[in-house]
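Going in written order, the chains are labelled A, B, C and D, and every chain counts its residues from 1.
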Amino acid sequence: MALAYTLGLRALSLVGVLFVVLLLVVVTLGATGFSDRMLTAIVSEEMRGTRQALAETIKDPERLEETLRERRAELEEFYGLDRPWYTRLPAMVGRVLTLDLGAARNLRSFDGSSRVTDIVLERVPYSIMLVTTSLVITAVIGLWLGAKLATRVGTRSDRLTSYLAAASNALPAWWAGILLILVLSFQLRIFPSGGLYSSPPPEGGLLRFMDLMWHAALPILTLVLVSVGAWTYVVRTMLLNTAQEFHVTAARARGLPEGQVMRRHILRVAAPPIATNIILALTGSIGGAILTETVFNWPGMGRLYFDAITTADEAVIVALTFLFTLMYITARFVLEVLYVVLDPRVRYTAQ
Amino acid sequence: MRPGEALRVVLRSGSGRLGMGLLAVLVLVSVLVPFFYPLDFGLRFWNNPIAWADNPKAAPPAWTNLLGDTAPRHRVFDAEQPTGTIDAGSARIRQFAFTFSHQTVEPPTFLSVSIGAVTFHERPPILSMTLTRPDGRSATLLQEAVRGLRPDETSPVTRFADEPRRVYLTGDAAALGAAADFLLREFDLRTSGTELQGRLEEVLFSMPTGEGVDSLAPLNGEYTATIRVITYDPRDSVQSVRFVAAGGVYGLMGTDTQGRDLATGLLFGFPVALLIGVLTSVAATILGTFFGILSGFSGGRTDTIIQRVSDVMTNIPLLPILIFLIFVLGQKLWLVMTILVIFGWPGLTIILRSMVLQVRSGQLVEATQALGASRWRIMFRHVFFQMAPFIVAQMIFFTPAAILAEAGLSFLGLGDPSLPTWGQILEQGFRTGAIFIGYWWWILPPGILIVITAMTFVLLALAMEPVLNPRLRERAA
Amino acid sequence: MTELQAARAATAQERGVPMLELRDVAMHFRARGRGFRSTTVRALDGVTLTLDRGETVAIVGESGCGKTTLGRVSLRLLRPTAGQVVFDGEDVTRTPERRLKPFRRRAQGIFQDPFTSLDPYMTIGQIVEEPLVIHGAGAAAARRERVRWALDEVRLRPAEDFVDRFPHLLSGGQRQRVGIARALTLTPDYMLADEPVSMIDASSRAEILALLGELQERHRIGYLYITHDIATARHFAPTAAVMYLGRIVEQGPTRQLISDPLHPYTKGLLNAVPEPDPANRLAERIVLPGEAPSPANVPGGCRFHPRCPAFMAGLCDVVPPPIVRIDPLRSVECHLYGDDDHQRVREAEPPPDDTENTAQDGETV
Amino acid sequence: MNGRATSGEPLLSVRGLRLSYAAERGDVRAVDGVSFDLQAGQTLAIVGESGSGKTSLALALLRLLPRNVALLQGQAILNGVDCLTLSDGDFRDRIRWRQISMVFQGAAESLNPIYKVGHQVREVLTARGGHSRAAADGRAKELLDMVRLPPETFNRYPHELSGGMKQRVAVASALALNPPLILLDEPTSALDVGVQAQIMNLFKRFKANLGVASIFISHDIALASDLADTIGVMYAGRIVEIGSTEDVLRAPSHPYTQKLLAAIPRLRSDAPLEFIPGAPPDLSDPPSGCRFHPRCAFVMERCRSESPPDLPSQSGSAVAACWLLDEGAS
């Protein structure tokens, strides 16, 4: 009961965040005249279709133009272009929520559609694949290495890790990606420099999959490389902090085997604060993914961002901004659930 | 802990010393750069192609020649006074002779001639340029008259005052024709200007070894470029003359595909990066500290509001919002910094609030309040000082985040064009495909500088740790 | 203290008005409970108390009984939910902070923790000088002189050795004396002493208490001595009040309170106090069952009834007990003494208890 | 040096125990040559003020020392085995919790916050006692009942319990493996006087019913006298006086003990309170001779230079390290 309450509160707060972001986006678009432009584009596109359809039936050019003018005025009224932007806020929020943002100016989906929804949604799986794969690899390495280092504080490898972790704070993912391309792709030619498949893509399911993995290797390596240091450090520090807590001494006093002390009294107790740190690190990894996709020409949402900026495609940018926020908030909620499950104290004291 | 003591603790660690050293270099360069750069450097120079026309394009740094490469040096000759003057009746011939030694296999990457402000009264002056080779042969690559008086003009007239008359010989049809003539005259090789397109320097700086223009041997030795300006009135004048035999390498850091001197851009990046980092983190820290202490101390509605706002703000993924806002509102550096500040303070506020709550539940606050101290005195004389080291550490820690955020944004092509940054240089390199062609000098240095700058602050933050956590300092009983 | 203030204080006393008067003071906090419900924490629930210059009253009670809250209210660090705080006949209950300065000058506090109640970033000199700075008392030189005087008063001698040192270099007892000096610089009339010796080693406690006693004699300070240790109260305060869950359950001369406790809670409390007497060894003490409930969950009727050995069903759990005045100096709040003729029920000694931990064992969360 | 004349081998015999910590300003000699005997079923109280080394003594016996230990020497023979020379593994398997268990000062911190308390008590039984899960559950419930906690406590988390209840859980856990000796390190100092008395009652009961011996470490000599058969008074890393509770309380020999007793405010006596001027010494640079001499009212020339040996007091069983006793005898 209390658990559901706590989680409900978190969910509510995160929905609030989403709403604030939506409002920020829509108000900015409205106040700067961007929404006018986007709606005008939608109207124009509909008019193109209408003109074609009407041209079949109305042969008199003057009457055709007249009808089209009327139709256009109707549409403009429908979309609220005849009214000030703030009266359209709710409608605009709805549009962003459903990604109903009309057609992209230049960008097309893989099969040629220019609908923003099509373009954006088909990229989502590629982004998720990249981020989750690298996250899992990072987590495994970070937990293993961090636990190992926690048992040998002050040794050279421990100090080295601290420095590397600090260094990874200063190493942007995109720059690391560029370095990897320069060395592993341009110089040594071990990995492809970008893209999803070789061209032409190999036939056969397994070969195709292998080819995909081969292309994903560098971006994943990049993402792992830039975050694994920080993970290791966080895990190590949290374990050390926990190890200093008195109940650990008390567990040792009871003569419990060292392995059990580590597992049950250190690792398990440190899990919630580690989860917290990971929640906090999530913002950074989203940013890292956007830029890494750009560097490796990986056809996910991040690369799409880059292309949309290059071609000044505002509708796509709005859709992506919203989608990224949505994904982030979802991921965050999943972690919050994990945190609450891990820590009985939170479960019972609602705060 | 007193500031002096804190500094000593920081300097005791290796990372602290390294960080301080790097910081000193950063600050020194950043302070010096504004003395030597105009403030509108970005618009007037960096993003103005004309300013870089006479530089070689995509040339690696000059010092790569030491590694065994044999690219010609970049040569620029400027003169305001002629090296010789010949009077021939009413005409006066100003000669500007520039001699240079050519010792590499590769010819210059291009040749250009520029003439600045020419003033004349009656007849328009005539400009010419002749290249004399070590074998004594010479070719006149340029011969043209300055445009005469138009009906609406009155004498004297000054031409090329705003912008010099620049002839890019490498792509100049007349020069190519002249080169073809030269080959026919001297070596009996029959070609045409169009055939020589893009090969002007190659044929001028070599000896034919067989039939045709495809078998050439480099001709090393002294070359002289002579630029002549013939005027017809004693009052006529020419302000300056420039000849460029462009090299294959350039300067300390090489050039990009527009011929921009990367060293210049990278140097300018120092104060900009420091400005972004320091200003943003200072502002965010001040806001965060103020709201954090206020929130923790005042409680009630103020606290709730600040808490809610911070919670929402820290839950918003920064980069997508930053991209969106900069895209919509315009690529302005101050805007980037403002957004970073707006999204940067809540993190600190949340941490400080919980620290304040801890301090507040301690008896210092109670005791001071009982003395009759005002809330502000308690908050900023007592509570603030307790947290000052932590706040400073947070500020240092936030600095690279701001620098990296701006770099990432620039890398996506949303940099402020009026202020070149390292991120923008990298972005232009990336967009031009520099990594796939191997223009490493364009890609590596800006990235390394970003990393080093960020690293400086990370190292300092690392060295601050013992200041914050006395347990690390002294492992006594 | 200005002459005007002194005159006013004097006249107030002549009028027969006590220096500090807490009239039926209540302090309720709202706390977030489980879910959307919020609970009311009744830290103080109707406390009346007076204190005169040169007098010491001890407030004795266990943690969570509201004694610290009472101290804070008496210094107007908290504004009570109900009731009045009257100082020298002037009601300061609702006085806004900015007009409270004259009161703050005359009412000071010494706090429990000598380690966290001093600003670690200030020198001893700065700490002791701070009240003078806040109240704009005197020029710099005069303030320095005053600081030296205060340090000398608390026997941190020679004062010069201490002014430039930081608190972390001092022992607990020395720090506590710095705290006393800080409170003393403005020569207050009233001083709250909130557990001033509980964090100090046993061998030095008497020294601090003796010092406080001396200062009282010299400067006619009235102390409200808050403590969990009824034994120190006997030695330091002639009068004591025992608190339980936000109310004073018994009040009177400390010695009488100890030799002849009336309230079952006071008896239980006294039974639990260890004495250095080998005869006690292995004899189990008669103790009150369970632990005091949280002030967020105060039982109805008499708030002590769930733990009371003399519990009378149908009365104690329903009717709040009256405050019974036994003699001009003593009062107790208990149904046992509520008879018309104020018959004192001395026979109601509780039986040895062996079910101390069952039923309502402290459900505090 | 044992206050009581008892027959038979002592349960625990500590000889010349020394323990120092490395610190920046030099080694801190927390325990500096402590010897005592403890008979089975008896309680020894170690009484001293903060920094006297009493907790270090307990931690040394259970070998729970921080990293910065610079020196640990002496003997601690428990049932014929020297605990200090056993290998870490042997000590853990044979001594810890089986022979010596401990109730810590901060009971709240000694419990793992994320496991139910029943599971924490059970853990010792399954990991160390060889119990099956079901048998351990049963025994854990039995233990909780022994410390008078209601059965539902088994499924509670530590943060749901009050301080007194947490301390009871800690006591239950200490009793789990039926050790002959329990170290009680200020087990009630964080509790209110009423709850303190409840816990003390519990100890008294176990002492009488289970025959378990204990070392009761406390700053409160009055509290110690409630349980202890023997009292050892510690000052600056040394035991300055040790003897039966009766002797030490009725006729203290060492000036420090005398002052300490005189400083306790009595509930039913008006004797003026005394105090000891000055502060305890810095153990990284202790005073020469008798460590108490800078604060002692009876200081003699000899006290400044020569460290006093343990001398028998006039009152029978007690011994005290004070030159005054030498004067009196000669």
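General observations
The rule is simple: a contact is a pair of C-beta atoms (placed from the backbone, for glycine too) under 8 Å apart; a residue touches a chain by one contact, two chains touch by 3 or more.
Quick caveat, the model's predicted, so the values are computed rather than measured.
Averaging the CA coordinates per chain and comparing them to the mean over all protein CA atoms picks out A as nearest. In terms of C-beta pairs in contact, C-D outnumbers the other of A-D and C-D. Per-chain Cα centroids separate chain A from chain D by 58 Å.
Rounded to whole angstrom units, the spacing between the C-alpha centres of chain B and chain D is 71. A straight line joining the Cα centres of chain A and chain B is 32 Å long.
Residue positions of chain C touching 2 or more other chains: 365.
Touching of two or more other chains is recorded for residues 348-349 of chain A. Not a single residue position of chain B touches two or more of the other chains.
Taken in their complex, chain B has these residues touching chain C: 362-364, 366-375, 377, 382, 385-386.
If you check the complex, the residues on chain B that touch chain A are 15, 311-312, 315-321, 323-325, 327-329, 400, 404-405, 407-408, 411-414, 426, 430, 435-436, 438, 440, 443-444, 447, 450-451, 454-455, 457-459, 461-462.
Residue ranges on chain D touching chain A, taken from their complex, read 62, 64, 92-93, 95-98, 101-102, 104, 106, 109-115, 123-124, 127-128, 157, 159-160, 173.
Of all residues in chain A, those touching chain B in their complex are 13-14, 16-17, 20-21, 24-25, 28-29, 32, 34, 162-163, 166-167, 169-172, 174-175, 178-179, 181-182, 186, 193, 282-283, 286-287, 290-291, 294-295, 305-306, 309-310, 314, 317-318, 320-321, 324-325, 328-329, 332.
Within the complex, the chain D residues that touch chain C are 49-50, 147-150, 159-160, 162-165, 168, 192-198, 200-201, 204-205, 207-208, 219-223, 225-229, 245-246, 249-250, 259-261, 263-268, 270, 273-277, 279-280.
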